[in-house]
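Right after this note come the structures.
Two complexes are shown next, each including chain A; its partner changes from chain B in the first to chain C in the second.
Here is the complex of A and B:
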């Protein structure tokens, strides 16, 4: 384990940024934290987390896949892929680090998504342990320890210092890079902080929330439950929950007519939208109740069914604070799973 | 603290259910915390007594729900309307979006709704309870031993600070006064934008709109957006997209939407309340309202049922576009 003074962070960020692009949460103009590329003077946000999850780094909201240019009767196909460069994301919370594992299982299994894989390969993830979780946090429900975040490098921030620990070869390389600006140290301060955080986690309102009632093989048990009607009755059908979610991974591929060609791009899609997975025969889910059910069944039943019991929710709480009508996965789990 | 208590509203709802005036109640139901309130339909006394809430966090405007809910419910729906909600109610009636006969509207006074982000800015995160029943709001967090006492006025939502009217313009029954239209400074922020140079203004909106994630929450919460299928959801429209294809299109979505609701927007502020990215979308709509007031005379959408909005009410005295910039007497 290594450490540095918080006062030395700006110099450390500059040092890292000199060899690869560094992204970190900073306070945006609306006062909310947002990941931004580091530049001289950029300050690491004190916010618990960003409104937008860091999934954008690997699975951006929109990206061009290819372009077609037409000239007369010929069509030219233009490869728009850029060679990805190494980058580091600093300040990722334990919940969000876990979300990358959930996305990996979708994008890195055969057939591998080369766009996603390239960015994953070039990205180094530096996580930071939480000390002041919000009432909307429930990462513990999914076995995530906010005080022991995963990632290539894990960090712990105390009043005056930042502690660094490498977990992977990529992480070792990163600690090598910042070695001149950090020093070797013991882990006593980190352990003390972890104990303190563990005590706080127990006081959270959602500390007792369990996901045990859900999991693979339970489609029949939950699909026709009458509670879906009541749970979904106020749903506006907007895409807020899906777009702030770090694990929602559905996308659409669309063509944009530029007038003299076509841009084929991929964009996030939302199962909450009426035209989601629309096919030649029409829509597979005609009511908002069915669309609403799809989202939660996917996270709590279908995904675990296909992924060794892993749930595709990390308890980050973004949907709890952002849903316009305050309906969310916690309310669904409590209603269907029995308090 | 609200003037009419939660208990009074529950009692009113129970009695209207019991005497058969209504068959269901559109209200707010409690969540996990004291501020995460969800709109809900209640059909019996037990669920009302157990789940109905009314406090400083009941911001959702119910008028739009009436479009869908009046089609589904047998009998009348009881809806509680805050003054600003009644303007949306009238506007929807003007556009024949729901059957007035199927609604029993009870007007309730509103002291303004709280913005949870502002509460958190004062009290911090980790809220375990909020009590809105006293003179001050008492906010308990897991990090403090005693609750923090907050002045409700210091955590008011933007739209409530700039409340345009405490008057109920539609109701079957009132709990409290009818209220008055009040002076508001709601156009001050618009005037600031108008004072900017075009470049400054472009930069301002570019910065704000660049945060948009195209979740469509603004549109889906907007009581003026009640198209059965929105053009942006219609694959045959040619403009349907789930996310912006480029940065130009990103701005177009909001500008097209603002044009579409111009003259019909009552300035209820739902768009900005629900935006997960804190984009001040209401400023676009307020700019249109201010312009219409200045060009065609004062007009408040939803002030009465059946009024013709300036933009769909041609008169031979109307301004020509050039006169907006050059003055009425010019040859433009």
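Here is the complex of A and C:
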């Protein structure tokens, strides 16, 4: 384990950024935390987490897949994939680190999505343990420890210092890089910090939330439950929950005519939208009830069924604070799972 | 530029023949620009065809894998991509990627069995691949019965092939029907589900169904009343798809993705899925 003084962080960020792009949460002009590329003077946000999850780094909101040049009846397909460059994401919370594993199981299973894989390969994740989890946090429900975040490197922040520990070869390389600006140390301060966080976690309002009622093989048990009507009644179908969600991974593929060729791009989509399943001959999910049900059945039943029981939720709490009608996965779990 | 394979990046295909089948269905022959088949497939699998600037859509491959020269797609005009394709001329390039999905188990489960194919309208498109595969390896299968119905005589897909080839095969029985009486038609008149019941097939066969949802529902009921088990009846599903490889989330039904776990399903397997297809 290594450590550095918090006062030395700016110099350390500059040192890292000199060899590869460094992204970290900073406070935007509206006071909300966003991931930004570090530049001189950029301060690490004190916010618990960013409004949007860091899934953008590996699965961006939009990205070009290919270009077409057409002439008469002919088509030429142009591969627009660039060789990705190494980058570091600093300040990722334990919940969001877990979300990468959930996305990996989608994009890195055969056939591998080369766009995602390339960025994943080049990205180093530096996580930071939470010191002040909030009342919307429920990562513990999914077996995530906010005080022991995974990632290539784990960090712990105390009042005056930041502690660093490598977990992977990529993480070792990163610690090598920052070695001149950090010093070897013991883990006593980290343990004390972890205990403090654990004590806060225990007192959170959602500390006792359990996911045991859900999981693979329970489609029949939950699909036709009458509660879906009531739960979905006020859903606006705005899709905010899916966009802020670190594990939502549905996407659309669309063509854009630039006037000088066609770009085929991928963009985030949402199962909350009626267009999502609309076909020439009809729609398999006609009302918002079906779309709403799909989102939660997928996270709590379908995904675990295909992924060794792993739920497609990390308890980050973004949907709790962002849904305009205050509906969220916690309410769904409580209602259907029996409080 | 990366050199690794990317499933979302298609190949260029050329339309080398356009056959007008019915007032709203055309069959397109597609090869690569150097005149080869774009890829090998199994009966029941699908391919993504696209028109740059218009969009991409999933289609069943209607030609049999035993055709080593080209692929064919019977396409009904019903949306943006299909309307554009219907205006395309021979020589037009499109894009193609695949094959996607699970095929019909033609070499194991189907082998040695009598086969009963039941199709309605453009539902014959995905079945033609497996029918012609079974006809090609005729000695591997028992009796073959084909029940095919459409709105009118003009709406029967592959009519020439059916009349000139299928009906002349030994041990292949073709039963055609149209919805309403029509001049120059001395065949059966009536809906497919009723016709299947009238024909009263014995249960010593494997049945494969494809057609409009309402036809599938009533035909399955008809087969059940004749004593068929759900484990001996197959169908192929269609849902909106974008990626074709179970990642974009669009064709997710229960824990299955129609594009990769389907489109071929046995009816007892469908019973395990929520009714969202």
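Keep in mind that, in the parts below, the second predicted complex is superposed on the first by the 335 of 339 C-alpha atoms of A that agree within 3 Å, B and C clash if a C-alpha of one lies under 4 Å from a C-alpha of the other, contacts with A are read in each partner's own complex, and residues count from 1 in each chain.
Note that a residue touches a chain if its C-beta (ideal position, glycine included) is under 8 Å from a C-beta of that chain, and two chains touch if they have at least 3 such contacts.
If you're wondering where the values come from, they're calculated on a predicted model, not measured in any experiment.
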Problem set entry | Fit or clash between chain C and chain B when superposed on chain A | fit
Seminar exercise, completed: For the superposed three-chain arrangement, angle chain B-chain A-chain C (C-alpha centres, nearest 10 degrees) equals 90
Problem set entry | Touching partner for A:215 - first (chain B), second (chain C), both, neither | neither
For this session: Tell me which partner A:29 touches in the superposition: chain B (first), chain C (second), both or neither.
Result: first
Exercise. Which holds for A:203: it touches chain B only (first), chain C only (second), both, or neither?
Worked result: first
For this session: Mind working out whether A:62 is in touch with chain B, chain C, both or neither, as first, second, both or neither?
Result: first
Exercise. In the superposed arrangement, does A:237 touch chain B (first), chain C (second), both or neither?
Worked result: first
For this session: Report for A:337: first if it touches chain B alone, second if chain C alone, otherwise both or neither.
Result: neither
For this session: Quick one: minimum Cα-Cα distance, chain B versus chain C, in the superposed arrangement, integer Å.
Result: 8
Problem set entry | Contact residues common to both interfaces of chain A (with chain B and with chain C) | 252, 254, 257, 269, 278
Problem set entry | Interfacial residue positions of chain A with respect to chain B in the complex | 28-32, 34, 48, 51-52, 61-62, 132-136, 200, 203-206, 230, 233-234, 236-240, 242-244, 252, 254, 256-257, 263, 265, 267-270, 273-275, 278, 320-322, 324-328, 330-331, 334
Seminar exercise, completed: Residue set of chain B touching chain A in the complex reads 31-33, 36-41, 60, 65, 116, 124-128, 141-143, 207, 211, 213-217, 219-221, 229, 233-235, 238, 240-246, 273-274, 276-279
Exercise. Which residues, counting only chain C, touch chain A once they are in their complex?
Worked result: 1-2, 4-12, 50, 52-56, 78-79, 82, 89, 91-95, 238-240, 242-243, 245, 247-250, 252-255, 272-274, 276-277
Exercise. Which residues of chain A touch chain C in their complex?
Worked result: 65-66, 68, 70, 73-77, 79, 81-83, 106-107, 111, 113-115, 118, 216, 219, 223, 249-255, 257, 262, 264, 266, 269, 271, 276-281, 284-285, 290, 294, 297-298, 301-302, 305-306
